[in-house]
Each structure stands twice: as C-alpha cells, then as structure tokens.
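Before any comments, here is the structure.
Chain IDs A, B, C, D, E and F follow the sequence of writing; residue 1 opens each chain.
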C-alpha cells in the first residue's frame, strides 16, 4: 500500500502564458508508450507479480521503490500540462466564444472532455493502455525491458524538451531527464550483477548530453543524477545492494539517499477556469460550502493544505477572488 | 508523491488449489472499466487536475486520500490473481507439456506473456485504457461520476464473488465490497453537501446485502465499513469535513480513522514457477547472487523484507528449496 | 427521426436450455465487423451523409429504408442472445457459487458486466467500433461496399448457423439469412443500374443454399426473400425504382411490400435473473412500485405493453412469481 | 423495430461559411464517450436487455422511447457536421490542390476517408466503440448510469457551444442542451421513484444556465424543456407514470406530449462536393439515371422526397446545377 | 519466403521543402484502413490461408504475386513520408527550440516517437491493426473483398493527391493510382472468371480520370496500367490464366510482364536529422565505426549499397558531411 | 521491393489431429506484441526509415536482411495455425451442427470470420497493431529495442512450446527458437560494435536451453543457430561486417551463409474445409474453372506450383477428390 504526501518531487513554475498546443505534446510524457504512466505501471506490476521475493530481495526492493518514485512523475507531468492549459478557459461560464481561442488546438478534449486538465493520453490523443505493461516474471528479462523502456522514455523527453519551450515543460523535462537517467543506470546495474555484461558502456543512451542542458544543471548540482531514494518509511533497504559503483558518465559514486524521499515542493494552486466549470462555474460557492463544512467539523478556518501560492493573511474569498481575476 | 509500505491492506490466504479460469474472471476487478485500475486512476487524476484546491480543500483531500487507498486495491487484486495462478507452471523449465494443463484456459497470456502473473486487462483480456478516466474538472460532476463508478464497481465485485469460490477470490471480494462501500458513501456525502440531494437514500446501490455475505463480516466487525483513512503522514486532514454523519445502512457514525492507514498484513511470498521462468528458470542462482550483493553492501545476511511465510531459522537456500518443492 | 414499434420483426422462441457458450458465438452477428451493428450503422450514416438527395432520390430512399430495417436486426440478435443467457443466473442474489456454472464460459462479461444480457461486442469480446462504418460519399462506392458487407454478413450468419444449434440461434439465422439476401440483391441492383455490370450473376454470394436450410423455408414461403419494405409511414417511396426485376436465384419478381413494415411478433418477456440483479435482486419490489406509479398516473392496472407470454387473468405479482420460479 | 420519418427533429440552418475545424470539435457530440451515439446505444441496449418488462413496464417504456428520440440526435449532429463541411470540396474532381485548403484541418479523414461527411468518431478522431455501452441489467444501476451519462453529455454540449460559433453548431447545441436536460430529469425522476432520493435537488447538473443561452430560448418557449414524447404510434404509454411532477429548475409541470413525436423539419439537401465525389464526380449522371429509373417504375417525375431547399418549378437538372454552382 | 531487392519500384524525388502536415495526410495511404499495409497484409494472409492451392492455382498465384508487389508500396509510401519530413529536425542535438517549428503539426509522434520517420498509422494517427485483414477462406468472397478494397484505396489516393502537392506525394499518388488500378482489374477479372458477372463495366471505380492526371501519364506511357508482374524468380506462372483480355478503360490487352519485377530505382539516401538523433546525434561516429567494421570484414572501402544520390569520388566522411550540411 | 519464393523456410508436418485450442495459443507468435508480425514490421520500418544509409551501411544491411527473413516467419506461423485448424470444418456446406465441435474453442473467429485460417491476432484474439512498431531513427536505440524484442519473442516461443504439443506447433517453435536466437545475437553484436558493451554475456536470454530441446536439434546440427542469410540476390553484402566472432553459447564462429536464403521446403497443400467454404463449398468447381483458364492461357495441364503433397500421375480432379475425402 502507499501513503501520499501532498507535495511535488520538484518545484514547478506558476502559470504564465498558456500553451495548449505545447501541452498536447507534453501528453506524450504522460500517456505515451514511453511515458510516465508506462514506467509507473510497469514497475508497479512487476513488483506485484514478483515471485520468491525473499530469494531475490535486492531486486524486488529496487523495482518497488522506483515504482513509488514514478507516481511522483505522473504527478509532475500532469502538473506541467495543467499549468500550460491555464488561461484559455478563464471566460464566463456558458458564453458563446469562450473557448473559441482553442477550437483549433491539437487536443480539443483538454477542454471538451476535461476542465483544462491532463488526460491519460499520448501526444496524438491515444489513451494509454495496459498493453504497455510488460511483466514476464523473468527477472533478467523484466530488467532488460526496463532498461530499454527508460531508453525510449529519455528519447521522448529530449524531443519534448526540444519542441516545447514553455517554462513548465522545461522545468519538467530538465528534472525527468536527470531522474530517468538514474533509473536507467539502476536497471543496467541490476543486469550487470546478474549477467556480467558491462552495460555501463552503453551510457548515455540515447546519447543525450544532459551536462549541456541548462535545465538539468540544478538537479545535477544537487546530486540527483546519482542518488536513489527508498520512497518508504521502512522498507526497500536492499536497493543498496544493486545501486552502487561509479556513475557511468561522471565516475562519481552512485549513492542511496539518507532521506527516504526528496524534500519536494508544494504545488501551485492553479486558478479556476470558469468557462470549463473547473472546479465549477462558481468557485466562491464551493469555497463557502467548504468553509461551512470545515467549521462544522471543528477544523481550522484557514485551509490546512499547503500550496506554493498561499497568500497568508487573506481569507479564502480573497484568495479565490485573486485567483480568478 | 507517495511512499510505499510493503504490506497489503488486508491479509490474503496462501496459495491452495490453482484456479487459472477463476483468475481470468478476477481480472475484471483489476483492468475492467469498473475495476480497481479505474478507481485508482480516476481519483488520482481528478486530484492532479483539481483547481483552486485551497478553496475547496475538504473535497480535494477526499479525492486524494481515497486515491491513495485504491493503490492498495490494485495490489490486492493482483495478489489474488497471482495466488490463483500459482501451481500450473511449477514444472521443469523448457519441457514439452509443462503448460499443457493450461492450454485451454480463458486467458493464455497469463502464462505466455506473463509468468503466471496478473495482467492489466479485464476478464475478457481487453487491456485497461485511459479512456476509462473521467476528469471533467467540475467537482460536482466528478463526484457524480465517482458515485456511479463505485456503483458499477460493487456490481462487478458481487458477481465475481458469486462466480469464483477460490479462497483468494473470496477474501478479496469480501474486503473490497466493504471498502468500496465506504468510498461510495464518501462521494455521496460530498454530493449531498454540495447540492442538498439526499443520496443516502440510494444505499445500498446495487442492493447488495453485505451484512449477509460471510466474507464481509470480519471487516464489518472491525468497523471497516464506516471508516475512512487519510493515507498520509500529515496531509488530507479535511476529509473529516465531508465524511461524517450516520452510515446509510447501519445508522452508525461515519468516522475518520485515528491511524493514518490500516495496519495491513505482510504478503505471502509466492513460490517460483520455473516453467514460466518466474523469477527465472533457476531461482537458486538469483538467491546466490542476491546473497553476494547483500553481503558486499554490508546488509544483513537474512533478507530484510517481511513476508507472511517467513521461515525463521532457515537459510535462503532452504526457503527457496521449500518454496519450489 | 424514428418511431419505435414494440415488436420484433419475426417471432423468436421462448427460453429453453441456456447456452451461454453459443451466445458468445452469436455475438459475432451483433458486434462483429460484419454483424448487424455494422449494417445498421453503415446505411444509417450513409443516409445521413447523402448529398444531393433530390438528385438521386431512389438511392437515398433505398439506403434510408434498409437502415431502418437493420435496427430490427440488432434487436433480434440481442433477443437471441438474451434468450440463450436465460437460466444460469436465476440463483439467489449474493450467494457464493451462484455463477459458478458460468465461470468458464467464453465471455464472462455477459454475467460480470451485464445482467445475462447482450453486449456490443463480437464473438471474441472485441467491442464494435465506428471504424467499421464506411461512408465515402461516393454513391457507387458506398453501394459496392454495402454489397460486399452483406456478403461478409451472410458468411458469418451461415457459420453461426452451422455452429450453434440452440433454437433461438436457429430462428435468428434462418430469418437473417433470408433478409440479408434481400439487402444484398438491392445493393447489387443499384450498382447494376448505375454501371451496367450484371451483378445478379454473382448470386448467391457466398454460395449458400438457403433453399436447403430448413430454418429459412418459412420465410421464403412468405415471400420474405424477394420483398423490400419502406419502413416509413410516408417516406422512401422511390425504392421501387431500384428494387425490381427477377430474383437472381429463383427468377421470381422482386417486389415492394404493400405494408410499410412486417407484421412482426411481440417479444417474449424474459424472466428475471436475480443472481445478476436483472432487473434487480427483488423484482417484486419493482412491480410494486410500478403498480403504484401506474395507478397514480391514471393508467390501467394491467401493464399496457404486449408480450408473447402474457398470461391474461393473472395479476402482475402472479406473473412475476411465475416468471421467477 | 422502427419506422423512419425523413425529417429532422428540429430545423437546421443551411450551409454558410464552411468550418471544418469546428466540425471536428462537434464530432465529440456524435462519437465521444458522452456523445449521442452513446446515449442512443445505451438506452437501446438497455431496452433490448430489459427483463421482466411487464413487471416494470413504466421504466421499460421510458428507456425505449428515449432511445428512439436519440436516433434523431445522431441525425442532427451528423447534419450539423455535414453542413459545416460543405464548401471546401466543391472543386473539380481529380485536380491537384482541390483539397489543399483542408490539408491542415484537425480531422483529415473527413475528406480522405469520407466525402465531406460525418464520421463515427469523437473530437480527437477516436472511433466510438461498444465499450461505451453500459447495461448491467439492474434497473436502478442503469438509471444511475444514465443520469450520469446525461450529465457528462450536457457538459460536452456546453463546451462545444462555447467553442464553435458556426450557425449549425449553435442551432445544434441550443436544441440538444434542452432535450438532453429533459432526459436527465426523466432518469432522475425514475431513480427518485425507486429509491426516494430527491435527485431534483441536483439540477441543473452541470450548473448550466440554459435560461441564459440565447440558442436555447426558442425551444424553451415551445415547452421542449419539460415534455417527453413517446416516439411510437401506439407503444410506451406508461412513461407518464414516471415523468411527472414539477420541473426542477422552473417549477412547471413535466408533461407527456400529445403528439407522438415533434413535428420536425425537412432537412436541407446539401449540395454535391465534387472534389470528394459526393455523391459522385458527376451528379448530373446520377440525376439522369434516377430520372429514368423513376419513370420506369411509374413514379412521379419530380422526386417524392421533401427537403428544406426544394425549388418548385425547376427540373432536377436545374436544381442540381443550382446546387453545385 | 521472400528475397529483398534494395530498390524502389519507381523513382522518387529528393527532399525539397519539408511538408510535415502533408506527411500526416499521406499516412492514410500507409496505415489507413484502405492504405497499403491493408492491401499488403490482406493478400499476404489470403495467400497463406489458401487451401487446395493446386486445385485453384491461377488464383493462388494471383494473390501471392500481388501481395509481393504491395510490399513495394508500403516502401514507397514510407519513402514519401520520410522525404517530406526531412528538414525540420536538422538542428543541433539537444537544443531547446530545435523542434519548435513542428510543435503544432498534426502528428507530433513523427518527431517525438520517431526520428522524422514514417509511422504505422493513418492520417489521424490511429495505428493500423490486424482487424483490417479479411481472409474468409472463400475464394470468391475474398476476391470480392479485394475488389472493394482497391476501390477504397483508389478513393483515398485520389484525395491525398488533391490535398497534398509536395513533389514526393505527387510522385507517389501518380504511381499508386496506376498500379492500384491494375490490381483492381485483376481481382475483377478473377471474379468474372468465377461467376460470369461482367465487372469490367464498373471501371473506373471510383470514376477517377487517371488519363487526365499528369502524374499518372509517365507510368501509363510505359504500359504500367495494363501489366502484371510475377514478382518471383520462378513461381506464380499462372497469373496469365486470369489476367488477360482487354483493359476496361482503354481496350488495350492486359499483359504479363516478361521481366519478373519492374526495373525500379535506387532510393535517395536521406540526410541525417540530428535533432531527432536519426541515425544518431553524431552520424560521423557511425560512419567511422562502419568503416572500421567494413575494413575488418574485408569489404570494400566504399559502401556496397546503391543510392540515388551517390557521390562517386567522395569518401564516406565527405558524403556524410555533405548530407548533414 | 521484394520477390517471393513459394516455399517455406523449413519443412512443416502435414495435418494430423486438429488442435484448434492449441492454434489459438500459437496465434501469440503471429499477432502478439512479441510475435512475428512485430519482428517483421519493426525491422522493415526501421529499414525504410533509415537515414544516411551509406554512412552506416553494415547496420542498414543487417536490419533489411533480417526483416526479409521475418516474412518467412509469419508464413511459418500461419502455416502451423492452418495445419492445426484442418479437420473440424470438413463437413457439408450449410449443415446445422457442422461446426458444433468448435463452438467452445478459445477463438471462434477462426471459423466464423475465417475459413479455418490464421488471423492477425494474438492468443487472446487482440488484433496486432502498428503501435507495436518502434522506429526511433536512433540506430543504437533501435538496436537496443530489437535485442529486447527478440528476448520477449523467445520467451513467448518457449512458452508456446511448453503449452502446445501438436506436431506443427513443435516443428514451428523448434525452428523459430533457433532462428530468433541468431537475430538476437546479430543485434547484440551490432550494439557491441557501437558501444563496447559486451552483450554476449547476456546469452542465452531468456535462459532457454535450446541445446536440450529436441525439436531444435536438427536445425542446430545444420548450423542454423550461427548463420545469417542475406535474403537478397545482390544486396546486403555488409552484414558480414557486424555478424561475426564467436557464438556466445557454443563458441563456434558466426558465419554468413553462402546461399542467399535457406533451401526451404514446399508447403503442404492443405485440404479444403467445405463447411467454412474454404476455398469454397465446391472445390471441384474451382478446379474445373482453373483447368479451363489454364488451358486457354496455354499453360500446362498440370498445375505449375510445387507442394509437399503433390501426387504425380493423378489429375487435378483426383487430387481434389483425395484432398476432400
């Protein structure tokens, strides 16, 4: 089972100019064959289906903990998409022409089916599907798959980076290129340990110069390119048995983080988009009901959640007003 | 982001007589339109796409925390399927006829594509897909969807209960019928708070007599039918603002659990299935490599993970041997 | 637009021994690429998309009226499937083992997703989809497609006839082979009129000896093999301009029916299947509510609908009781 | 079975400036998960699969008659799409560049696969599929689904209204928002009758102010927002037992129409699009053949069908000429 | 089995101005329901599944040899697409904005999933699938299907011709319209021989004036419109038994080519696209490795393959340099 | 382009006891994600999309020639399936019960949609689709994919071997395990040459003991496990530059075959299946027409094709008679 922490694994920028066309490209990183739904679900099901876990515990722990990190990745990609979709649907509820500006975008379902929100689709609007999950049961084969999956994932991330220059997309791809690289190394190390093949020689794969991509640098400086987290209060101690030795590109030591997860950052509370009724045509009504319910339940007046754009000292109504103006 | 705890939300029985045909029916509860992949992913994406969270915090918290519980449900369904598939592939690796006994089962990919493991498919072997996720952005509408989704989910659980009498399937459906009911109430309560419609009158929906189903009783006795967990170390405090009042069927108070998650139970470490190379044709080799890696990393000799069938006092080899015999 | 008449185009037998495996084969005639959903939807959309209707009215009328008949065909196939699925789910609601007898059937969704009812799927449980609709806008090309579609449809009907000997399946295929043949002739005649190619020489296509199939004979005797109906109170008068001349197999005249539609037959009111909650776990409750509502609305005490198995002189409760026992 | 009437349920405007990009958005209302194919097919199959109809006749009648109305809705959406696609393919058959103007549209299959005609797809060109049909057999559950389905459908209609300002799209969404609302109320009333939950409090759902949308007003004025038709010459008398009481938004009485169906309006006969061979590269040839066939069959010289743009006193050739110029 | 010849069936122009939007339309001819994947795979599987080949050898030979030609067609369509995609991704590997110019194209996967290369999809980015293959086993029926399939294929080719004026698209459609016509005649002749129906009267179908399309003329002049090749060193001699008589449009004799296949033309060696790493971010490295491997294997220094743009007298490095500049 | 040779790459056994359930399992090797359609199409499209071929000729040649071999593999799998489906449909055309024996098989479309013939589907009846093709343009990445694809393909072949003991399935898997291994080595060697990683250490992957599988031995004895063919009259000379060095399992030299393709074996001419009209309900009619056409075209009286079961000295009629009896 899981516990959820209401934070993103890395900070994401606030909304700026909307970019719905760019958002449709970013969808590849969410619902594409090599997107984060695939990495999340592949490792998750491989861990569920893992037989004789005690006999191969270091490998089980590796799969299970990387799977946990990937949840954070689908959250980040969704955040980027939502951020890029913020703006075009700020119009009045129910007015002709409100969405006229996005009639020609690549993925109209962002606004027709969704409320200016992420979809579980790829960049061509094809839904992600369970056929993308590979779980043969054979450990070496699953690891071979995972190494290849991360290769494909890095390819797609690079291309989205090259294609979309919205700040949210850049922050996203800069971070994911670094973290995906760590997972790729982890799987390669696991194969090395089991077969003796020196896969470290294949890095970088694809030949992406992460050291030259500006958006990767802050993460590399923090050592995020050579560190694995357990993502568990107590479990998955044995990843250290697999993830060690020198980084194939920099030669630095691969390490296990002391903290169980990255510190992370609160999400930006994205403003309502009233033309698409997100979270409704009248956000103030929702705020009023929420305030009443909170009060009846003996909760503090101020919302207990933490968001990046919390404006202390203002009441809910004020913040809502601010957000929607 | 999430943390992962290497435990199941409820105890599951060890493997007994295999039931691959039953397992193919249980797949509906994993990858069906109304299966747990759908509940997990719907609430997860609705929480990712939630705008103006501070303005409607109790509802955001509700979605986010129930989403977290649903991860445990895909884990449980997978566990049941894996348990039911244990046995038929215990033969020698690479021998003609090894899988002859499962040539006629309903879902041959359990053994051809997988290693006697769960697939992300429904009971007719159709992959789950992202089209099953509804996230309109409109809070009332999403909640209406979720109430209906839980209705459909309970329908399917009941029918699988009626259809499959394998102990793992019974333990699974007994638990899920109870917990799914709690989520259904939670969404109905949320709608009531926002619209004034008294949805409590619709319960039970469908008209399932959980109080007469023996496998539900232990959970009901423990109060699992009226309790919501936050599933977070610190977040999602405001679910209490929505989930309260009398249980629509029993009249008892709906409550928020003091503990952040159920205590849970360690999973049974399922034995290798060598004919399908799970986790390989030679589990002992994997155990040997693991032992060496563990030792090199300064980890304890004994695997650090906890499983239901841990046989203290026996070495790894002994346990592996035991498992495969 | 359409009007609906609550009758089947031909009489269907009452439930007898259930045949859920046979029902899964019959699904090919509903949701298969060459099933009745395809014929219904192809001609419907071709008529919707028909440009310059006045300029080519006889052909528009032909497409529109055959489309209308095809609705009756999806109704008949569904009826056959429902009839064949009657029985296995007559058990008590919510009891373990109720559906044990159908755990191994080919299409478990008949009972898990549905209530012993038809699905919009083919014989391998693949959903019908809009990709099966061909509507090029080019009249000759659409007619060529339709001639081929009916060829494929007759092929499938014959094979289902050969495969499934349940009385409902036999009644169905016997009727559809005859009526499908009429549509095939109609499209061939239309092509002949537009191109001069003597397609009558291609009949029968496939070389199905309908005159030797016992279940086809009653319909042939009634002339159903050479008659087209307008299926409209006033419209589609011009089908007579295309559908005329000798029948390619028998030499008899092709004719337009004087009546606008076949007389048809009332459907058999299929009994509840309580184990799958169809139409609910407690049909009597539904009957009671219905009686009250009917009375409040000033409607007759006895249901106004006509069904094949109406048992005059018994009250609703009696009939329900009879049906469920 | 059905009878078909060659009229639209409401009048639609003639072609004006083409809007192929808008047409691709309108497709969501045809083949989307919450489009009219879904409403039509859901209620149709629920009526086919309805067990013990006599015992719950008012509810069967409700489903069956609403299903019949929905056929008219797929016809209307198709009409709107065809109208919006009229123009770009009026060029000469077979000339390079004819379709150059629509090379970049969102859905190229409108012109490559189709003849400037509607497709059975959603706004992202995904085909509609049978997986969108829910038919559990359980009456309350099916009604709950239908209430939710109409909620989703209204959401999509509103957004298409906000996005596309072509006159055909506005006429379409104005009408469908009103009629969809009636169906939503009908299903809610049915649930109320069966469970006691006061779903009327949930209206409008979503919170769409139809009373403020200009294109809805003519229909509201005619009472179309509170009236259900039987859509059958003789059947479905018992819908009055369910559809009654006050309208949840206006308080007016819900009523059953005296006429069996709306009066409707003749469709506009859309002009040929010769570049895509619709209905062929040479419409005059089709008109000539049709005239000959009509004459040979003893039919009147003038086409018997009625269209909105009938130009009395002109021969076929004249009308064709007019249409294509 | 097959042998492969590294030549195209007809010469294709070198890259000129890129046209990624046009390329997405051309995809319909590759992966569409009526694209070349469908013709290739339909005839291939019909030949694989052909029973009693000796008894109906002329027809088997016909299917088998046309299938072989169709491989060349998927190669040609892919070539056209690759040619049209050449240019936009010539930027530096890994630079922000490199692909900014194609962010808004219709099919972003051309650059995100692929390396400016063809995809197995249609013009709306839907993957080709095996459901498009019809193989009933019944010879007459399969031939009827094939005649219709070629009709649909010619429709799509014409429309792509009208839509896309890129030189590669024009060369492609000009050639395919001619060759597809030959296959259509072949299947019609086969049906004539088996049934007596004079399908020659249906030509051209659709009514495409290939004699007026400039891009078709060179091929017609060479007689490619009335000639069938065996596409086999020794087999398929009996196609002459079916493919003979007068051409339905020109009256010329249909003939079997003396040569076993068209002479063909070497493909243009398309330049690297470094921004998408095709064939890598550093083509010179690949050239260096290749030179070394070639030398170690005792192969000539100069690549042994023949391409249209071979620049004799320049070393590999020179050619690579030229290609990438 | 290709030439086709009317022979199988290896001899396959004649029909014996039918095994339709086994045939549905074998479908995984045809249309599964890791089946031969995938290997064939992946390498084919990677070769079509290969940029700067002259600069990396040895690798282009490798992909192109292996692609050619894979055509032979889809042919072999289809042959096995057709062989296993021979028998159940030998009944009289159009008789009730003819196909009763296969009503319960796993894939009814083998008989309903097909004529006891192979389908382009996997073992769960899901159609193969173009989404299974990976073609990133990046050579190293494509090779990494291919190495993994062959790993998955070998996994599936082994499992089908273990599951299905029909002689045709055994002959098939015995051969494919050997040849697939060669391709896997070829791709691994290519990666080694480009990166320096010693992938030979990963063999066998999965750990399949081909040297212990009896059905593999004849092929290993003939050296088929270490030999690559060019599959082209003149092209693809440079595969020798990549495929060389010691075999990773046996240490023998990897070699390029002197002959351009395996000698192969004529296919067995499978008998008609009249109940499914394959190749028609009356094979003698087809034989008569064929004889007439052959004679009119000046072809020899005896069919020119070669099949494994050619019965010299008997006329066509005799052979047909023999086949159908």
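Here is the rule we use: a residue touches a chain if its C-beta (ideal position, glycine included) is under 8 Å from a C-beta of that chain, and two chains touch if they have at least 3 such contacts.
This one's a predicted model, so the numbers in the text were calculated from it and none came from an experiment.
A.B. asks: Out of curiosity, which chains are bumping into both chain C and chain E?
C.D. replies: Per touch definition, common to chain C and chain E: D, F.
A.B. asks: Kindly list the shared contact partners of chain B and chain C, in label order.
C.D. replies: D, F
A.B. asks: What chain is the most remote from chain F, judged by the mean position of CA atoms in each chain?
C.D. replies: Measuring from the centre of chain F, the most distant chain centre belongs to D.
A.B. asks: Fitting on CA atoms only, what is the rotation between the copies chain C and chain F? Please report it in degrees, nearest 5.
C.D. replies: Copies differ by a rotation of 120 degrees.
A.B. asks: Return the chain whose centre of C-alpha atoms lies at maximal distance from the corresponding centre of chain A.
C.D. replies: Relative to chain A, the chain whose C-alpha centre sits farthest away is C.
A.B. asks: At the place where copies chain E and chain F touch, is the share of residue numbers found on both sides over half (same) or under half (different)?
C.D. replies: Counting shared over all numbers used gives more than one half: same.
A.B. asks: CA centre of chain B versus CA centre of chain D: separation in Å?
C.D. replies: Each chain reduced to its C-alpha mean, chain B and chain D end up 41 Å apart.
A.B. asks: Got the chain B residues that touch at least 2 other chains?
C.D. replies: In chain B, residues 33, 106, 113, 121, 125-127, 131, 136, 138, 140-141, 155, 206-207, 276-277, 280 touch at least two other chains, as defined above.
A.B. asks: Make each chain a node and each touching pair an edge, then name the shape: line, ring, star, complete, other.
C.D. replies: other
A.B. asks: Which pairs of chains touch each other?
C.D. replies: A-B, A-D, A-E, A-F, B-C, B-D, B-F, C-D, C-E, C-F, D-E, E-F
A.B. asks: Show me the residue ranges of chain A that touch chain F in the complex, using the header's touch definition.
C.D. replies: 33, 126, 131, 134, 136, 138, 140-141, 144-145, 147-148, 151-152, 155, 191, 195-202, 205-207
A.B. asks: Sort out for me which residues of chain E touch chain D in the complex.
C.D. replies: Residues 21-22, 24-25, 28, 32-34, 106, 122-126, 155-156, 158-165, 170, 206-209, 212-214 of chain E touch chain D in their complex.
A.B. asks: Mind pulling up the chain A residues that touch chain D in the complex?
C.D. replies: Of all residues in chain A, those touching chain D are 91, 93-100, 102-104, 106-109, 111-113, 121, 125-127, 275-277, 280-282.
A.B. asks: Can you list the chain F residues touching chain E in their complex?
C.D. replies: The contact residues of chain F facing chain E are 1-9, 31, 37, 41, 44-45, 48-61, 64-65, 67-69, 71-72, 74-75, 78-79, 82, 113-121, 127-131, 133, 135-141, 193-194, 231-238, 240-242, 244, 260-262, 264, 267, 269-273, 276-280, 283-284, 286-287, 289-290, 293-294, 296-299, 303-305, 307, 310, 316, 319-320, 323-324.
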